Amino acid sequence: MATLTSAASGTPEAASGGTGAGKAGRGAAARRTDSERLFNRVTLGVLIALALLWLVPLAWAFATSVRPPGELATNPTSWVADNPTLANYREVLSAGRIPYWYVNSFITAALTTLLSVFTASLAAFALSRLRFRYRRPVFLAILAGVMIPPQLLMIPHFLTLQATGMLNTYWAVILPQVPNVVAVFVFKQFFDGIPVELTDAARADGASWLRIYWQIVMPLSRPAISAVTIFVFVWTWNNFLWPLLAVTDPQMMTLPVGLTSVQDAFGLPQAQLMASAVLGALPLLTVFLFFQRRIVEGIAGTGLK
Amino acid sequence: MRMQGRRRFLGAAGGLAAAGALSGCSSAVGQAFTGSAGPPSLLNFWHPFTGGDGAQLVAMQDKYRKRRPGTDLKSTTMVWGAPYYTKLTLATLGGRPPQVAITHMSRLPTLAASGLLRDISRSELAEHGMQASRFNKAAFRRAHLDGKLYALPLDTHPFVLFFRKKIAEKAGLLDGDGELKDLDGPDKFLDAMRAAKEVTGVWGGSVASIKDPGTNWRIFWTLYRQLGADLVADGGRKVVMDVGAAEEALAYIRRMTAEKLVPTGIDYTSSLTLLTSGKAGFLMDGEWQLPAVRDAVKEDFGMRTFPRIFRDGPYACAADSHAFILPAAPSEKAQRTERSLAFTRAMLDSSLDWAKGGHIPAWEPTARSDAYGDLRPQADYASAADGAAYDPAAWYAGADSILYRRCAGAIASVQAGRARPAAAADAIHGAVRELAKMEAPV
Amino acid sequence: MSTAPMSTARTTTARTGTAAGQAARTTGSRWTASGMLLPFGAFYVVFLLGPLVYTAVAGFFNGSLVKGGLGDWVGLKNYAEAFGAPEFWSSLGNTLWFTVLTTVPLIVLALALALMTDRFSRGKWFFRLAFFAPFMLPSSVISLLFMWIYADEIGLAQATVKLLGGQAPPSWLGDPNWAMISIAAATVWWTVGFNFVIYLAALQEIPREVHEAAAMDGAGPWQRLRLVVVPMLGRATTLVAVLQLVASLKVFDQIYMMTNGGPEDSTRPSLLYVYQTGFTDSRTGYASTVSLLLFVIILLISLVWFALIRRTEKEA
């Protein structure tokens, strides 16, 4: 547990290989003997081989996606395109609804994240700082919610949103994903670590609790906020089962649902399917390339779900 | 009305929430918050057609678009089978169904009984020139539930018999005009396959028996219905199965494999390959394989109705129809009945294009036209439409249904020789009784 | 979130004055606390607790998706049907089979990868990228990729087997004996990165003195791993195992897209069974019963996890 929350609880370096000095020391120790060196070399070889193997599926999808359909038909399992082309991407982007799905996914994931972070942090603040009756039972009751898998609630969720006339709107996708128990837990852990003196002093100056939450505690909680934001955003962006039920209008689908629900009357050629797969992978992959360290911390730090 | 109001409120709230991030957001995004049905010129159409059917459909839609430029036709191809009907149901319950959709007629009883469809009145039909007399009788009758019309059939697609002309000729199965000789009766059909096997040296006929519950079901249902038997009544709640007839039908299916005329253990794709590669003279399959067969063997093939093996009932072959339906929309404004029916009519007018993919037009003006009569091999099996044996009307039956899956195992085990016909008939009886006992959702 | 709760808070402060922090926190913050818990609480009740109660209740009715409402009371009929339905048991069996196929490699492989990666201070970003990047992708992209790789005749997987001298590679997704294994392999590729980073984080926390002391004692790299490092990862392993178990029991996405439960229902997991009975067959009452049964099974496993959290919380 400690390892998992460390990213959020203010010791960020520990989680991610930031202990450079420790590394160097360990490396020096490792270089002591020949057998050690051999062991390291073998390990490195195996590791690189595995890492390359891990890149195969994505590379394969990309290789396929730039081949013209004719080439693919004559030699489906070739890695090289004789005449690489972006035509498949152009085709998919112009004919398909992928641009809509990007927008839908972004809006629903962003709003879900916003609502999740806000509701969870506010509740966590109350649980961490305020003393009120039944505080402990309330906290335990909320925590117990992690045991309810939302996937099993798809029927009542569908019926609720149907009854309120919200199916096939963004709200249908967003609302059931908002309550995030893990987020409450992570925020509370973090808030508990903020010195009491800080909030007490503000309290003594007559600041309201809401103000303390908004102007003191939240600005101090950037690591926790970013961890929860990353986690919830990635989770919502990638969620499949619920949006599959909530949204049936092809124009309204999120990216993951749209990619495999809608076909093409000609039956999409493989090259185009792979082009859409690459386009589907692109947003989060790009984000990941830029914020690798932070995302890994966010996921590992919150990844209890 | 109340729903509308709530949606407007939510829309406003959403607009506020997203205003910062999306200043100048497009109308599509706004709609996505409010759930409005879009401009009146928009016509959403859902269908599950890909491959040959999909290509024909695109041609038909293009014609429509040219003729009705005022309509913004949005056609969506959905993944076929049970997921398609699930999506259609969810969309209708969710208040945003497509204005027009394709259904299999075998799924119609369930969809209609579930209250998911808007019925079509006689006057509306007359207005668009789609009187009852202009549709194939069997298909049109089947489009009703409790006296109300819920669908407009586009075609009938029966289980038929493909054959290779050259193989049939060498086997002496063609008459003077190059037509296939009479194959009716249990022995004649098997003898013909035996003769074809002499020529191919491998198999006489071919039919998918594994990994394709649909084909398992179709061959069984064809023979069983030719014995004059029925399966369930009262919307699926009552079992009226004739176990003896089922056993007889299964015994005949077993004869094909036991006498080594038809292979066991082949899936859908392989069954087709056996025919096209000349390893089998006959293929028992749906007529929709026509484009695939033609692609592979050019003109060296013919088609005919599935032989009449038994004479206990009227001629029957397992069949289904594609039909246009109008899923029930939350408001008349979203329903766009006028536009939807005009679209349906335009598609029916293009029935000849549709027939090129193998389907028998349900639109009589096309079915009776000379142009269709000249279409070969389509015209050679057109009479199958009159013997169309639809799946039983029950919530668990129809295209890609539980009934298929429950029965397929028993039928396949007979084909493979793992179970005796009597045991398999009992197994089917048991499965159907269990399904009939379940709490029906409609 | 306007002025109302704020002004309440302010009057409270005024009343208690500038007394010690503890006192200020105790008195009068009841309304503030309720107000702050309300937004989350409302979502919690409407979208977690309420639906759970509804599921439990609906399981005793014959509700239908298309008819709406709870339906009629049928007592234990749904339970009797579930326990007697071969589909229920086979889907549960498939779920467990998937769990076994994924959990073991996901732990062992992630541990091995993390141990290897931890030995090198440079190039770590590359390994993290390679192993963790797939975890960022949506399940539909995974499904598209692997449906193409596993395709009959024209897929990479069959071609590779042939290249290595295999005669007749199976139809990876079409053969009932192979379909689940193929899906499990794709899942391992997809999610191993998650466990990998957790292990990596745990490894960082092992003080370097431990390594050095062991090295002084003359332990070789292999013994050091086996005798010193791995035992120290016990807690991370328990955690990863339980998380993996719970996630596997809820598997749905990639199976729904790659095989939709086929061939011959050989890959249909429990959650897909719930989906099919509830939304394809419209039998929401029965599907609720199955959901609840599945919930109980997952609950038992989750409880172990919960106990784990409580324990670590106390330790921390």
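Should a chain be cited, it is by its letter among A, B and C, assigned in written order, with residues numbered from 1 in that chain.
One rule holds in what follows: a contact is a pair of C-beta atoms (placed from the backbone, for glycine too) under 8 Å apart; a residue touches a chain by one contact, two chains touch by 3 or more.
What you see is a predicted model, and the numbers here were worked out from it, not measured in a lab.
Asks: With respect to inter-chain C-beta contacts, which pair, A-C or A-B, contains the greater number?
Replies: Ranking A-C and A-B by C-beta contacts puts A-C first.
Asks: Measuring between Cα centroids, what's the chain most distant from chain C?
Replies: Max centre-to-centre separation from chain C belongs to B.
Asks: Would you mind pulling out the distance in Å between where the CA atoms of chain A average out and where those of chain B do?
Replies: Chain centres of chain A and chain B, defined by C-alpha means, are spaced 42 Å apart.
Asks: Go ahead and note the Å separation of the Cα centroids belonging to chain A and chain C.
Replies: 13
Asks: By the touch rule stated above, which residues of chain C touch at least two different other chains?
Replies: Residues 65, 279, 284 of chain C each touch two or more of the other chains.
Asks: Could you say which residues in chain A touch two or more other chains, in rising order?
Replies: 158, 245, 260
Asks: In chain B, which residues are in touch with two or more of the other chains?
Replies: 90, 93
Asks: Residue numbers of chain A touching chain C in their complex, please.
Replies: 1-4, 6-7, 14-17, 19-20, 22-27, 29-30, 32, 35-36, 39-40, 43-44, 46-47, 50-52, 54-55, 57-58, 60-61, 64, 76-77, 115, 118-120, 122-123, 125-127, 129-133, 135, 138, 142-160, 175-176, 178-179, 181, 184, 196-197, 199-200, 203-204, 206-211, 213, 234, 237-238, 240-241, 245, 255-257, 259-260, 270, 273-274, 276-277, 280-281, 284-285, 287-289, 292, 295-296, 299-300, 303-304
Asks: Would you tell me which residues of chain C are touching chain A in their complex?
Replies: 1, 5-6, 9-10, 13-14, 18, 20-22, 24-26, 29-30, 32-34, 36-37, 39-41, 43-44, 46-52, 54-55, 58, 65, 68, 113, 116-117, 119-121, 124-141, 143-146, 148-149, 151, 153-156, 159, 189, 194, 197-198, 200-202, 204-205, 208, 211-212, 215, 220-222, 235-236, 239, 243, 246, 250, 252-253, 256-257, 271, 274-275, 278-279, 284, 287-288, 291, 294-295, 298-299, 302-303, 305-306, 308-309, 312-313, 315-316
Asks: Can you tell me which positions in chain B touch chain A when the two form their complex?
Replies: Within the complex, chain B contacts chain A at residues 3, 6-7, 10, 14, 17-18, 21-22, 28-29, 32-35, 44, 47, 49-51, 54-55, 57-58, 74-79, 87, 90-91, 93-97.
Asks: What residues on chain C touch chain B, complex-wise?
Replies: For this pair, the touching residues of chain C are 62, 64-67, 71, 74, 77-78, 81, 174, 260, 262-265, 276, 279-286.
Asks: What does chain B use to touch chain C in their complex?
Replies: Contact set of chain B toward chain C: 81-83, 85-86, 89-90, 93, 114-116, 211, 267, 395-396, 402, 405, 409, 438-442.
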